[in-house]
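Please go over the structures that come below.
Here chain A shows up in two complexes: once beside chain B, once beside chain C.
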Partner chain A sequence: MSNNVLLDVRNLKLHFRTRSGPVQAVDGVSFQLREGHTLAVVGESGCGKTSLAKAILRLLPRNVTTFSGSVIFEGQDIMKYDDEKFRREIRWSKIAMVPQASMNSLNPVIRIEDQLMEPLLIHENISKQEAAQRVRDAFAVVGLPVDFLARYPFELSGGMRQRAAIAMALASKPRLVVLDEPSSALDLLTQANLMNVLKKIKHEFKTTFILITHDIGTASELADEIAVMYAGEMIEYASADYFYTDAHHPYSQKLMASVPTLREDKDLAFIPGQPPSLINPPAGCRFAQRCEKRFEKCSEHPRVTSLKNGASVQCWLFDEMGEVKHA
Partner chain B sequence: MLNVETTQAPAGVRHRSAGHNLNRVLKYTLVRGLTLLATVVIAVYLTILIANGGGYVDQMRIGQIKEQVIVAMGADPEMAHLTVQQRRELEEERIRVRIEQLGLDRPFMVRSFEYLWNGLTLNLGSAEYLLSDSGSRQVRNILGERLGATLLLMATSQLLLFFCAMFVALFLSRRYGSLLDKIVISMAPTSAAPGWFYGIFLILIFAAVLGWLPFGGMIDAPPPRNPWLRALSIAKHMILPVMSMFISSIFSSVYSWRTFFLIYSSEDYVEMAKAKGLSDRQIERRYVLRPTLPTIITSFSLMLITLWVGAIVLETVFAWPGIGRLTQQAINLFDTPVIVANTVIYAYLLAVTLFLLDIIYSLVDPRVKLGGGGTRA
Partner chain C sequence: MPSVAVKPKQEQAKAKKPVLKVEDLHTYFEVRRMGFFKVGDVRALDGVSFELYPGETISIVGESGCGKSTLAKTILGIHRPTKGKIYFDGQDLSTLDKDGWKKYRSNLGYIMQDPYGALPPFMTVKRILEEPMKINGITDKKEHAKRIRQVLEEVKLAPIEDFLPKFPHMLSGGQQQRLVIARAMILEPKMLIADEPVSMLDASVRVEILQLLQGLQRKHNLAIIYITHDLSTVRYFSERIFTMYGAKIIEKSATKALLHEPLHPYTKALFEATSDPDAENLKTFKDVPAGEPPSLMNPPAGCRFHPRCKYIIKGLCDREIPPEFAARSDHSAACWLYKDRA
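Up next is the complex of A and B:
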């Protein structure tokens, strides 16, 4: 794996206007992702994970008020592209996605083959035969029988449709694939199957993934880095090697304690309270209300601290040197 | 159709399914045709029963015949030198002949089935009171004369309305929440008033006050000889009725189509199409219009049938010589054959349209299968 940074997101903000006030769905998120690595974004429902994915692909709802920051992809700030350039040069040819509820992401009245070929024919100057071949290859990669290509989406089961959606994302050979809860609606066996497919793709094609999930266990299968989101902010970013044994942010620690494991015998913990509303979130640390380790300083907004093992964490428990101040 | 069928068959049996499919399509077509025919028969028979007041209209007609015969004989000087007894006999004889001529001596229930048969075989018979402009009593001629006028007026306004509404709705669904969108939506209640209501105001403004356009009718009197001038004259007479129908429906049509498109453009696959980098135009065509085509076709074809009925009050307000006005006249005069003929034609049209719709559905929507298989969505 190379060490080139493929995606560098800096201070990304995405705010919506709703009837009850502005929602700060993504609020100043920054991270770097190296080529060939997989970043798992974890967090509770409604913490802004999906909004982050949509912000990267610029799939914005109509009620957006703020959409700012920079997304540097292959050295270019793609936030500066106009919509037409973004559509032609980035969408699907460079960054593809498998959306949440991907079984509904196929047009019911167009044959699967035509839908998969569509982006190839639009973005690349290739013949129909070539496109068809690429689509067949992608189908083989995700382990679907090629003769299903001639069918309509409703003739496939949910799991097959999800795999077809993944094949659609892979067929254009994008540099980055955003997977938004690709397995959440599936049973455990199908989930495991899908994870194996993704692992195989990751190793064979060196594709870079952003895997969005609320399931930390599943994330561990694939992730090189873990990002924890809480109330629209990225509160911890760490290498998966350390994160699973040594999470830093109190929220991450609680999150890890709530995951059942096979080998240890532990009591599962839970986090009391609710995440704050993204409409007018607290001024200080957004987790403070639920945090057992809070102290006076937590009423101010915490800065991001880089730790020695390369992780970064947004918490006052760590001083500027990355040392734990209050244990 | 066959194409659609094969996709459903498992791969292994595909090679022997062609003959089987043809069979199924034929069987389906037959069953569907018979069902629709039964519907038409019931609809026409009900109309016959209702238009004849369940047989009560016979009593009225017998009464009318008696009156006519007595008045005619009273006015005849020949009758003066007959005895009262002779006159009474002659009276009864004439009434009997007239009743037999019209077949009123046989029970209504028996005749109702004859009417039904005549109606269904489009043997529309002759009207009882109404005449065509050329003086014919044949219902066929009366209807034929009026039909052109109605089709011209209704087709112009409905087609204009349909395509304008679709186009504007698509445009607004892209600009959901904009000022223009809000204005159009707030205008939707204007459709609460029917077309003729606006017609009255339009006549007042453009005919009475400004004098730019005629009050009503279909053509200048006397009609111009030059065909171009004729067409121009008809077009001039059409402006106001078309405008009133357009005004009374456009805003609510746009509103409902816009909402319809909005719902379908929030489907997951539409967002996915955007993520795939399709242009707005491609998304609109393949991901919004294509999946909703069955609904659009249904609405379009049902709209086409309504062209036949005409707008009763609107045609009356504008003195437009169409089917709508004819229907109103026929109902006023109890002219049963005309009413029944109108219904028969309408019922047939509706049945044929539904039949064609079934077949078109299976062509445009792969989720709809012909025959027993049902849907597997």
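Up next is the complex of A and C:
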């Protein structure tokens, strides 16, 4: 694997307008992702995972109030591109997304082959034959029989439709694929088969993935790095090796302690309370109210600290242990 | 921090009489074309037998469509069994009259699978909890207030006065689920059926709800049927685990014995497919069968798992339905591999 940074996100913000005030769904998120690596973004429902993906791919709803920061991809700040250029040069062709519940997003009455070819014909200057070949290749990669291409989505099981949605994202040969909860709606065995497929793609084609999931166990099947989001912020970013044995942030530690394990008998613990509202979140650390380790300093907004092991943590406990990255 | 411990309570439970006994239970749904011609049956439950003891939890695991909810709903009397018997406290349910059914239902708490559809949106917490009492002829207002206070305390929706006038949409997912549990407990049932009570909730809340159920069980000596597709929660929560596949129970085991060694190839595959959080997972592929669960209209002959099974004994597994073989006193599997171990 190369050490090239493929994606460098800096201070990304995405806020939505609502009647009660702006929702700070993504609020100052920064991270880097190296080529060929997989970053798993984990966190509880509503913490901003899907919004982060939408911000990177610029798939924005109408009620956006703030959309700022930089997204440096292959060395270019693609936030500076206008919508037309972004659509032509980035979305699908370079960065593709498999949206949440995408197994249900295929049009049930259009043949799968036609649906998969459409983005290729729109976004890439290739012939119909070439597009058809690419789609066949992608189908083989995700382990679907090629004759299924002639079928309609309703004729396929949920697991097969999910593979078709992934094939659609792969067909344009993007350098980065964002997978939003690709397996959560699937049965256990189907889910395990799908993770095998993704792992194979990762190894064989060195595809870079962002895997969004609330399932920390499944994330470990694919992740080189783990990012934990809480209330719109990325409060920890660490290599999977460190994260799964010694998560840093108090929230990450609690989250890990709440995950039941099949093979090991551990004391389970839950996190009392609830995450804060994303409308007017607390000015200090957003986890402070539920944190057993909070101290005076926590009423101020914590800075992001880079640790020697490569992890970044947004927590005052780490402020003096590493090098402060930014406020 | 609160924590759950594994607690083998089975021996002590075994000495008692079962609160529930299910014998060769079948539930079929007719499938009609154009609402008219009968084209066949969905055999959603196809010959299930077991006993449940007071104070015991049985977990039922299995994938979507294998018949878990149908089992729950048949026990609850929502579906009438096509064949087979259900006994509650020794009484055959098919002999009950209307009042008998009412009494039976009041002894049975039910937590439905879909928590969002479970609560009526236009009722306050107070009314939601009063309804089951009114239906069951408890009219004394003082008794209402007393029981409501008690269940809300038990499910930790406090301060109680703040919650009473609230509507479901004002509660978080975890709080809604606690309200559902409170409602299931208000008639002081002997038995609780919890159908995927935590699968829609975040990990950090799941444990809280499961611990709550466990606390209630100990306090009231409740018998619980816990239905889930998530194997990783069962070790913390149950004395016995049943695996369902294709409308049948294919493995029955004490929790410890199953965690030590799952017997049925399907249960083995479920274990293999479950990912514990561990960075090592990145390095290996999972050895899980491809394919889909069987059709319940035309199930495969013999063992229903045979088309996906890597241990298949040709000529046997694809022809004869495997009976339940008891490999150990606390562990049985409906699989031909164990015919000589029984």
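By our rule, the second predicted complex is superposed on the first by the 318 of 327 C-alpha atoms of A that agree within 3 Å, B and C clash if a C-alpha of one lies under 4 Å from a C-alpha of the other, contacts with A are read in each partner's own complex, and residues count from 1 in each chain.
The definition used in the following text is that a contact is a pair of C-beta atoms (placed from the backbone, for glycine too) under 8 Å apart; a residue touches a chain by one contact, two chains touch by 3 or more.
Everything numeric here is computed off the predicted structure, so don't read it as measured data.
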Side-by-side fit of chain B and chain C on chain A, or clash: fit
Which superposed partner A:204 touches (first chain B, second chain C, both, neither): neither
Touching partner for A:296 - first (chain B), second (chain C), both, neither: neither
First (chain B), second (chain C), both or neither touched by A:147: first
Chain A residues touched by each partner, larger count belonging to chain B or chain C: C
Chain B and chain C, minimum CA distance [Å, superposed model]: 7
Residue ranges of chain B in contact with chain A within the complex: 7-8, 11, 176-177, 267-269, 271-279, 282, 286-287, 290-291, 293, 364-367, 376-377
Touching residues (chain side chain A, partner chain B) in the complex: 57, 59, 62, 87-88, 90-93, 96-97, 99, 101-102, 104-111, 118-119, 122-123, 147, 150-152, 154-155, 165, 168
Contacting residues of chain A [partner chain C, same complex]: 44-45, 157, 159, 187-189, 191-193, 195-196, 199-200, 214-224, 240-241, 243-245, 254-265, 267-272, 274
Residues of chain C defined as touching chain A within the complex: 1-6, 63-64, 172-174, 202-208, 211, 229-233, 235-236, 259, 269-282, 285-286, 288-290, 292-293
